[in-house]
Structures are given as C-alpha cells and as structure tokens.
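Letters A, B, C and D mark the chains as written, and numbering starts fresh at 1 in each.
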Amino acid sequence: MKKILNDPFHYVDELLEGLVAAHPEFYRRTGIGGRVIARPGEARPGKVGIVTGGGSGHLPVFTGYVGKGLLDACAVGDVFASPSVDQMADAIRVANGGAGVLRLYGNYGGDIMNFDMAGDIVEMEDISTTTVLLTDDVASAPPAEAEKRRGVAGMVYAFKIAGAAAETGADLGEVTRIAQKAADAVRSTGVALTPCIVPQAGKPTFSIAEDEMEIGMGIHGEPGVRVGKLEPADRIAGEMIDMILKDRPIRPGDRISPLVNSLGATPPEELYILYRTVKQRIEAAGGEIVMPLVGRYATSMEMVGVSFTFCWLDEELETYLKAPAECAFWRV
Amino acid sequence: MKKILNDPFHYVDELLEGLVAAHPEFYRRTGIGGRVIARPGEARPGKVGIVTGGGSGHLPVFTGYVGKGLLDACAVGDVFASPSVDQMADAIRVANGGAGVLRLYGNYGGDIMNFDMAGDIVEMEDISTTTVLLTDDVASAPPAEAEKRRGVAGMVYAFKIAGAAAETGADLGEVTRIAQKAADAVRSTGVALTPCIVPQAGKPTFSIAEDEMEIGMGIHGEPGVRVGKLEPADRIAGEMIDMILKDRPIRPGDRISPLVNSLGATPPEELYILYRTVKQRIEAAGGEIVMPLVGRYATSMEMVGVSFTFCWLDEELETYLKAPAECAFWRV
Amino acid sequence: MPLTRDGLIAGLSAVADHMETVADVLNTLDGQLGDGDLGVTMVRGGREVKTVLADLPPEIGESLMKVAQAFTRVSGSSYGTLVATGLMSAAKATRGRTEVPWSEVSGLLNGAFETMKARGKAELGNKTVLDTLDAAAKATNGLDDPRAILAAARKAVAETMDRMRQTPAQIGRARIFADKSIGLDDPGMVAFAEMLKGLG
Amino acid sequence: MPLTRDGLIAGLSAVADHMETVADVLNTLDGQLGDGDLGVTMVRGGREVKTVLADLPPEIGESLMKVAQAFTRVSGSSYGTLVATGLMSAAKATRGRTEVPWSEVSGLLNGAFETMKARGKAELGNKTVLDTLDAAAKATNGLDDPRAILAAARKAVAETMDRMRQTPAQIGRARIFADKSIGLDDPGMVAFAEMLKGLG
C-alpha cells in the first residue's frame, strides 16, 4: 500500500478542495475551516434538513452522499476522526430550512458526543434537531446489545431513504421515523484482508498476516470476531451471510436490497464473484432481490476487504429507495 | 495486496456470472463460452454496432461500458489476455444490426491480430466492419511513433463519443470517423505505485520498491519512462501533466475534459487531491474544463496508481460526450 | 481570596503551557490504546484557549463558556469535547458571578462529572477520566483553601489511577484494546492529572 | 506418395502429443519475456485440434481450415492466432484438393509466412517465429521428399535461432523486455522448432 498525497496534515482540506472543484454542481464548501460540505445554494425553505458527519477516509461516505434526494450537509473530520462540535453545528445550520434537521450518522462515541453538543448549541438558535444512529454492523456487538453496534455501509440505505422522504416535504418527525425504520432494516458485516494507512500516521495502524483475513473487522481496524486463513470467495461470502442471517433470518417473500461493498482496494471483479453467493443465498431462502448494489459505497481508503449489507424493504422503504437521487458517486 | 477469489482459472467466468446477475438490465452473457457481454435484447436494426474486447481485470473497461449510448458488445479475455478470435467474431455478430460494426479497442498486438482475424471471418457473413485503435498513452512511444502507443483510459472517451454517435443512427463511416476523431483527441499517462496480482499467476508479475513509483508504466506493468522516489501528489501531477502537454500543448480557449483515474486501489480522496493540480494547470494555460471525470474508469484490479487523460473537445465531440448514456458503472 | 477572572486566566495559562511539555507522553499513551491524538488535542485546545484569555470578561460563567468554545473550535476528539462539556457545566453554575468561593470547587467538579458522564454515556468504573474526576470531586468536598483543594485532588487522582491500572478499559476507542489496556493508565486520566500538575 | 488427409492427421496428432511434453519449457521461456502462457496455448490448441481430426474430410484445404478453426476456438494468445493464420493460408492454397505434392510445402510455408507477417504487422529480423518460418520456407525450396524437407527445415530453424539469439526482441510482449531478451531464444521460434521435432 502506498499513498499519493502532499502534507498529510492537509490531506482532508486538499481532498475537499478537489472535490468541490470537480463537482460544483453537487457540492460546496462552507462552515468553520471549510469543513462542511453542503449542496450548492441555500437550504430549501420548509424542507427537513439531513446532516451527517464523521471521519474522512470513507468516500463516498460521508461527504459524497450530499446531494439531491440524499443529504443536505456533512461535517468533515480528519481521517478516521470526529469533526469538531462547531463544524457539526455549522453543518446543522446550513442544512436548516426552518423545518428542523435530522442528524443521521454512525454509532461512534466521539461523533455522538460532538453531535449531541452541537445539537445543544443550535437549540439555542431555535433549530430543532433529531438523531438517528446507524448500528448495522452485526459483528460489533451481540443482539442483546444491538444498540452498541457500529454503523458501517448500511448508512448508505439510511441516507438514501431518509433523503427521499425529506425531499417529499415530510416533517421532521416523519423523516426521523423513516430514517429510524431504515436504520432498523439494515444488517452488515465485513471482512478485512489488509489495513489502510492513515495519512498522519504514515503507516498501517494494525496488521493482518499475509495469508489471513479478519471477519467482522471494523472500518477503522476495530478487531473482528474471527481471524483465520484466507479462504475461497464462496466460503467468505457464506460466512458473512451466515452472520447476517443469524441476526435476522430471511422469511419467504422478504424483499431485500443487498449491497456488496468494497472497502477500497478490492476490485469490482471480486465483488461480482461474491455477489453470486449473495444472490444464491437470498433466493434459496425465498427472498426476492431488489436493486442490488455492487461497488464502492463505504470504504476505508485503500483497505482490501469487503462488506455485505442487506436492507429489508417494505413498500414504503422500497419506494424511497428507488426514488430519484443524485450525487457525484451515485445516481438513482 | 490480497485477492478474494475461488479457483483462479474461473475468475473471469465467475465475475461475468455475477455481473449479469447483478445488472440484467444492462448486460447479458452470450457467445462462445459465455465470453461475450452484450446489451440485453437484440441489436437495433439499422444502428451501427460498436464492439470492443480485451483482457479482463480492468473494470469498468472493457465489459462495463456496454450500455445505451455506449458499446453494444464486448469480447472478454482472461485477465490481461486477449479474447479469442471466435469470441470476438461472436461479439461482432451480436452487435450487428445490419448497418455494420465498428471495432473500437486498445492498440495491443494480440487483440489486433485476433480482431483482424475475427473481421475476416464475419466478412464472409456479410458483416462489414471498421477498426479504430486507441493509442492515447503518450508514455508508450515518442510522437514520431504515435501509432505504436498503447490504449489506456482514453478509450472511455472514445466509447462514450462513438457510442453517442451510433445512437443517433449515423452510418458506419460516420461513426468510424467520429470514433477516430475521439481517439485522436485523447492523451493519457499514468503512474504506478504497486503492481497487481494476476489471479492465475497468484503473485505480482513485477515489483516497485517500497519508496518508489514508476511514471508511464503500462496497465499490465509495461515499463514506464522513469522510476523514481515517491514524490508529493502535486509534483506527481505536475510531471504527468507536463508529459501530456509536451505531446499536445493547450492553446487558450481549448475545451478539455480531464479524467483523473484510479488504477484500482488509490482512493477517490487522493484523486481529488490530484485534481487540484489538473484544474490549475489547464486553467493557467487558458484552457476551459468541461465535464471533469474523477474516479475509477479504467483499472488494473488492485494496482495502486493513477492515470490522467485529457480529451480535447470541439463542438461535435462535446455534444456526443454530453449525450445521455448509461451502464452499471457510469451514467451521463 | 475567591476565584476571579485573573485567577482563572493565570490557572488556564499555566495548564496550557504545561500541556506543551506533556504532549508527546499523552500521544504515545493514547497511541497504545487509541489513535494517538490526545497530546495533539490538549496542545491545540490549550493554544486556542490562550488566544481568548486576554479578552475574557470579569464574569466567571461567561469566561468559562468562552474557554469551552475555544476548546471545541479546534478539537474533534472525545477528550476535547468532554473537557468542553465540563467547562460548560461549570460555566452554567457560575453564571452572572465575578467571584466564586473556593468551597464551590468540589461541586463544580461534581457538576462537570455529571454532565460529562451524560454526554459520554459512560459509567463510573469504565476506566476513563470520569473515575478520576469523581474522585477529585469527592476528595475536595468541604475544602475551601485552593492549595488544600489541589493537593487533595491530586492525591485522589493518583490513588484512582493506581487502583484502576489493572482493570480493562470499557469505553471509547480503548475498549477495543481492552486486554491491552490492563496494566496501562487511561490516557484521559493521565491528561487530567497533568492538568492538575500544570496548576502549580 | 503426396500429402493426404491421413498423412495430415498422423502429423498433426504427433505434433499435438509432443506439445504435452514441452509445455512447461515453453511456459517458462515465455514467462521470462512475456506472460508465460505459450505452453498452455500450444497444449490447448493441440488438444482441441485432436478432437476434430477424426472428422476431417478428404479435402486438404477444408481439413486445414477446420484445424485452424479449432486452434482459434481455444486460444486468445498471439501465437495461437498466428498458427491459425498460417494454417488458413495453407487451407486457401490447397482448396479443392485431396492430394498435395510435397514440392508445394516450401510455397505453403512461404504463404503462411506472408499472411502471418501481415497479420502480426511484424518484419523479418524482429526476432519472432516469422524469422524461422521464412528460413524454413527458403531452405525447403525445390525439395520434394518429406524427410529431406523436414531435415532442411529443422536445420534452417536451428541456424536462425543461433543467429538471432543475441539480438533483442522487437515485437509483441517480449519487446517490453528487449534488453532481457538478448541471449534468450524467442519462445515462438522454440515452439516452431518443437512442432517440427514432433513430426518425427
């Protein structure tokens, strides 16, 4: 693994500069230190705003999903580090069209503290906010402590679905309800084959042996549930699907959108090899596949590895999932 | 670098299986050994067909660019290996709507021999064909031998532009003229930081020292023009742009679409860091940026590295570049 | 003499300066269990706080709020937010006053503890700064002499660190390395101890 | 006795069998300068050719065309296409005949050379199979005894390989490793020599 960068301490600011330069039709930089990415133009009056935030190094997550039918603004931290309270508060302010703002992000301690505090601050400015946390990583805590689970690629579904709901003009309570429903409908797990390099550290912060893989590892290298020899694709896929289905079985007739996601370096070729098993297993259990997603939707820079997310859909969620949306990384 | 796969000898067939399973609305498998990917349904009568072909391991190139407003069919070889003559002939047959077929692909010896031979075969079936070769890699031969240059990411522009022309109902001569014009309008160069692993080989087929990079290296590891210490992003970008502009300078008023392309593992974060310099340099020379592309458009699996392509546009090319098009990897 | 704006400025300035000297230690310690940024957090926070000291108003509550805001401006890491949360709690408790008797320090520490506990959703015993903060609040209860307060707080913090060294971390990033954390001091506790040390 | 269907079958079968024994050598040689698949190409091609031998028609031209098609079915690599191109050229030259006099072999080799040269856009001296093919065509000119033809072809091929060993490869994948190729035989030349060896 090697990186192409200038001063590691400017990594995030430079990538944001490039991002808005390349896609001014989707993104603008604003907020304290330029660390808020928002849609161009003012917040739409009367539309519920949706903000997210978190560490950098996961593109398209988080920043990339700002766009029509998706998010309104994102507070951008350093690589794998929380944005500051003030950056989050600015993201909320810019997303506010007077109808309140939903904070929709992953269940990480630092992010929560900062977003809560940012909420306290903007409350004094009469902006009402709600929170929905993504907790889709089944490997990160047992079912009994499901609320402690980390948020990973499942947040893509929550962004999409909540974003579509907000676009219809639904009020804050309704958008929050739907976002929570989406968050409850997703289950994910991942496998990592190599670490990635945090620019400021300059070297991998953890390691995986040359012939091993780590099932359930978090996107920042949080330890997984099993370290083992690297196995054939079909078996890796099988084990990951088992983990998801153990947490939530498929019932005949279930409509499921599966996401086969590269954590970075794993090429689409290998995602498609894995997708075969995903499709077989869902269909074998009597499920029906809706809008499968295969690609890089939530990454850890150049990490080798993949994650699977299953999103169980009802009519409402499916409608919002399929509604038009557009950002520089995804168009529906 | 590590790979997720089953039997390396099934890598390509399994990925194609997954590809069509995930995106039946874009792709179907046909041809000898299932090694042709075509749009679903029959060829449109009267529309000029466009086929490509080449080794696997470059997704979205080649197969991925089959789609409306893009290609009609693609012959799929093993990783980094030519498709067979018969596969190419089948691709031509399935793309033929009676108005002839353009073969549009990269300037690689084996591919040329096979596509020429495939052309001889289908000629006996009264299918007229033409050929346009992509030769955009300025690092692969000096200007005096420009026709010997390899085709790299520049082919994305040729696919898009020729595809749009064919969609309008233009005849074979006209589609070929426009494809050639697009091929002539693109210049590319790349830098590799690590190799990638050909599944059947199981290990990298070449190496780059831990603190080095190779400017001008080909997408299969063909030697570049300079091996040197890994430099800051801005300097790498500067050197690559120098190479392109030495071959074709920017004149004030030139309209250019730049493509900042990851060869695989290099994350979008770093592409955006590089894009800053691309934009600065084009604008400093008086050029105007049109439809910049930043992402993974032509890869070598999990290779770390990037390529830059500049496409000089006139009104005709720009219109076709911006025309609607859709495949699983790109939508315009 | 009670706590006034000038005393606050002197104290914060001393703590900020002291942070520059312990940054590496804190980074290294945090690096063993987390992301190695705790020293950076404290130094950045301290420097930003120093920029606002000259303009602090006589009112203690407002001053503390400004200090808290300075901290949040530059820090994205947990500890920075927790420190700011504690400062804001103290700011609320001292709103409208230009003098705060030393006897209130214990209560302010306890207030900070409570709000920080709520913010971080942690419990006593999780091996975080909270354990030392709670110990300091309790040990200073009933004291009204600044030197005595500082000495009692230090002693309580040191004892808590000794007591908890062999327990595993149960929250934050360090929770991931729970096993590795046994035998190591919690970085946030060490940072708190160093703040007290910086006070003289 | 001239060349007939049966002679063709016997010869191709022998060559195909011989390829199985030299596959590793060819792969290794190709691996030093290219992608290491030349042995695979020849074995796959040989096996596929063997599946069509039993059904070959008496007509030589048609038979050669079927053999060429078998080769293209399984091979994507350059050498496979070149071999098939050469076979097709011979097929065209022998169309409609069930017997081909041995005196025509030199001309058939030359015809294959010309069409392969056109297909591969290579020149004599580029250090490819073409150099040996051309030498074989010239050395067999005027001969009409199969044994004499084979002996002359082998000698010419061996001499050409000796002569060109120290020159750099100038085409195909090996061109990339031009310097490395100095001192090494061209894999395609070796494969051609082995085909002749397989003929007995």
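In this text, contacts are C-beta pairs under 8 Å (C-beta built on N, C-alpha and C of every residue); 3 or more make two chains touch, one makes a residue touch a chain.
Everything numeric in this text was worked out from a predicted model, so none of it was measured.
Common partners of subunit C and subunit D, by the touch rule above, are absent.
Subunit A and subunit C, compared by their mean Cα positions, are separated by 33 Å.
Here the spacing of subunit A and subunit D, counted between their Cα centres, is 57 Å. Taken pairwise by the contact criterion, the protein chains link up end to end in a single open path, with no chain closing the loop. Pairwise chain contacts present here: A-B, A-C, B-D [touch as defined]. Against subunit B, the residues of subunit A that register as touching in their complex are 1-7, 11, 14-19, 21-23, 56-57, 59-60, 64, 193-194, 210, 213, 230, 232-234, 236, 260, 264-276, 279, 292, 294-296, 299, 301-302, 304, 306, 328-329, 331.
Subunit C meets subunit A in the complex at residues 35-37, 69, 72-78, 80-82, 84-85, 119-121, 171-173, 176. On subunit B, the positions that touch subunit D within their shared complex are 32, 77-78, 80-87, 109-110, 112-114, 116-117, 201, 205, 218, 222-223.
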